[in-house]
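Step one of this worksheet: look at the structure below.
Chains here go by letter, A, B, C and D, matching the order in which they are written, and residues are numbered from 1 within each.
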Amino acid sequence: MQSTEALVSVGLNHYLVLSALLFTIGSLGVLLRKNMIVILMSIELMLNAVNISFVAFATYLDNLDGKIMVLFVMTIAAAEAAVGLALAVNIFKNFREVNIRFFEHLRG
Amino acid sequence: MSELDILFYILSSMSVLFGALVVLTSSPIYSSLYLVMSMLSVAGIFMTLNAPFIAGIQIIVYAGAVLVLFVMVLMLFDLKRETKAFTKGRFSGFLKLVGAGLLCGFIAGAAYESVSLIMATSEEIPTNIAAAAETGFSPTTNSIKEISKLLFTKYLFAFEVLGLLLLVVPIGAVALSRVAGGTHAKH
Amino acid sequence: MTSLTPIIVLTVFVAIFGVGIVVVSALLGPKRNWTKAKKIPYESGLPGQERKETKIPVKFYLTAILFIVFDIEVVFMYPWALTYTEFIDAGLGGYIFGAMAVFVGLFIFGLIWEIKSKALEWD
Amino acid sequence: MGSDVFEISVNFVKMVAIFLLMVNLVPMLVWVERRGSAFIQNRFGPNRVGPLGLIQLAADAIKFLFKEEFIPPKGNKALFLIAPIIALIPGAIAFGSIPLSVPIEISAFEMFGSQWGPYVFPFQSFEIGIGIVFVLGVSSLGAYSMLLAGFGSANKYSLYGALRASAQMISYELAMGLAIVGILIVYGTFDFAEMIAAQQGPLSIPLFEADHVVNKILGILPNWGVFYQPVGFILLFVSVFAETNRLPFDLPEAESELVAGYHTEYGGIKMNMFYIGEYGHMMVASALIAVFYFGGYSLGTTLDTILVEGTIVPNMSALFASLLNLFGSGWEQSTNLINVVRAFVFHGIFMAKILLFLWIFVWVRWTLPRFRYDQLMDLGWKTMLPWALANTIITAFLMLFLR
């Protein structure tokens, strides 16, 4: 690490560490939680972490491709959340329960 | 400690704290509300990264649309407080914890390596936007117009493919609700 | 650069203002013990209809999903509308209009499909 | 927020003043609503307490403070209490980002023995480069206060009302977004101040030369946005009624249908905070309509010149100068005073436009009947949205040639 001055002024490292932290929290959520909707939420959290590092690199390397990729990542995340929740509602309507334990009942 | 740094430390600690609360709270309604707060603080972080347009879009798309759907669906389910929110398997739980720790270590290491890698290739990058402003290395000024110009020249194909994707998603969601047992099934 | 501190200061101020009013009204208000009738949820006078398992129609989520998808298409039109006149001045008017014509065409096709498939019917 | 102590304190006082302006305008609007509805229904309305019932506002506010604190026992206590506070925040922040008048330029002056440098104070709580996107994003957060209020109070009618209200609010946000796309095509900027600047001068079509007869006739009209985007104006106007749950779109709160919807279990000051939130959204909506389509704080160049160079600002600043001379001397020539007075004159114009649109909100509420819920949703999805798309495409197509 550079001198303590880097600790004071916020640089690219700080944004990357922040995005790494958020990414691991999201992946922990996916691994540990049973409720399907909370898993979808932690996937949103992971995608947010990716967005932070995209924008951080776009700002510090001063090219705009990162910011355009963020727009695309947001669209994909929203589409995935929409379809995921449509599935969750169907499962809830049939099984009155949204925990992952029930997924082995699905045939095929 | 310029104004920008204090802002960064406040917002990043808020987003990490609320992100952790999303995963840890047992009742899903509270975790979705913590996720809203985490999204808003991430939008604030985009502001400190000199990307106000992306912050605005994040508030409209994520906090204003996606999470309204999450909160609405959770209210419809009306799940009470879950007792066994976390997977109960002792061995599998332990395995997952170790896996997650490894993942965290890899990512943190990759972050440090990539920065020094980039430092080596391109010329000296000022580590702080405020410092950058003084040294004349000013980030792109009115970047909102440059973003859209780049979007429609270089990334036009991706833009059209996204239009197609956004056509498929509603049709899929409606088809899902039409299937036997779905909410709008034809009975 | 749009500075962020005034927004945070205003939010905190409004939140403190709101919490303050609620606390003041809680302190000033009279304290009475509530009769049983006051405790049950208000259903415009009809006594005790509170069934155990309230059956709430689940079809609100379909509107929210359609809203997300069409909202993203509207959000993608913001940068297009922003530099539309600049593209025309640069002589690329037809190109940019064609690009958005395809995108809006898909938007309209999705909307017509939704209307025809009666996904938005409210009983 | 500013470089030195003076600037920070002025910015903070300005922010608090604009928020209090919004909060204090609410009882005034309630009074306008009660007297307006009385006028429309050919009766008197409150006129007992003070002249024309004006003290009624203060009486209502104080009465609300002394109401009993009621929290439904079976409901979710935390969400029940958070909901009214969240109802306040979006309206206040959106209102703070709209420029209410021209920025005030203060040249360097000497006070308390030290020299204070020149400042420029924007006449708004905070300056934000992406005006429209920010206001749209923040106003879409309003749906959360409804959902939490409905879920917090354990009453199934209020949950049903909250779901209906937020479903209605989000489906009209699409038509609002597309109407704003039409505005963006015409002005090509997100910032409100640049939009208002673009609406100066007489109306003219660039296709014909300046002294052509068509431009002569049109020249009478100011160069406002409503003449460029008439359909967009109608779309935004209608969808703004639905955004703020005002009649004829207020079915989720209708007494007869849904027992006053999501704020059934609320009483006293918490109910009042929902009103402040609703009226705050109405103020933001009428300010947006004024900025997009009616030239914001400017009245078109001819009238502006009368205001600034002509008679009004010089006379008023002379009047203020004579008043201020009682304290200090030499206020006549100070340009700072003239700048401040000019800003407040333009602010007066903008508030006049906002109050006009607020009166239209009240007027429509007491004349039109209420929509049924499926008619309401069909109007949103099946008529407003296609019209908004058609408006955007036609505007883009015409801009290809008129440019």
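As a convention for this text, a contact is a pair of C-beta atoms (placed from the backbone, for glycine too) under 8 Å apart; a residue touches a chain by one contact, two chains touch by 3 or more.
None of the values given here were measured: they were computed from a predicted structure.
By number of C-beta pairs in contact, B-C leads when B-D and B-C are compared. Distance from the subunit B centre to the subunit D centre is 31 Å, each centre being the mean of its Cα atoms. Distance between subunit A and subunit D, defined via averaged C-alpha coordinates, is recorded as 35 Å.
Separation between the centroids of subunit C and subunit D, computed from CA atoms only, is 18 Å.
In subunit B, the residues touching two or more other chains are 48, 50, 52-53, 57, 60-61, 64-66, 68-69, 72-73, 76, 144, 147, 151, 162, 166, 169-170, 173, 177, 183.
Contact with two or more other chains is made by residues 128-130, 133, 159, 163, 170, 173, 190 of subunit D. Residues of subunit C found to touch two or more other chains are 2-3, 5, 54, 56, 58, 60-61, 64-72, 75-76, 78, 82-83, 86, 107, 114.
Chain contacts in this assembly follow no simple pattern; the graph is neither a line, a ring, a star nor complete. By the touch criterion given at the top, residues 1-5, 8, 54, 56, 58-62, 64-73, 75-76, 78-80, 82-83, 86-87, 96, 99, 102-103, 106-107, 109-110, 113-114, 117, 119 of subunit C touch subunit B in their complex.
Chain contact summary for the complex, subunit B toward subunit A: residues 1-2, 4-5, 8-9, 12, 15-16, 19-20, 22-23, 28, 31-32, 35, 38-39, 42, 45-46, 48-51, 53-54, 57-58, 61-62, 65-66, 69-70, 73-74, 76-77, 79, 82, 84-87, 93, 96-97, 99-100, 103-104, 107-108, 111-112, 114-115, 118, 122, 125, 127-131, 137, 139-140, 143, 146-147, 150-151, 154-155, 158, 162, 165-166, 169-170, 172-173, 176-177, 179, 181-183. For subunit A in complex with subunit C, the residues that touch the partner chain are 71, 74-75, 78-79, 81-82, 85-86, 89, 92-93.
Here subunit C touches subunit A in the complex through residues 58, 61, 65, 68-69, 72, 76, going by the rule given at the top. Across the interface of their complex, subunit C is touched by residues 3, 7, 10, 44, 47-48, 50, 52-53, 57, 60-61, 64-66, 68-69, 72-73, 76, 78, 144-145, 147-149, 151-152, 156, 159-160, 162-164, 166-167, 169-171, 173-174, 177-178, 183-184 of subunit B.
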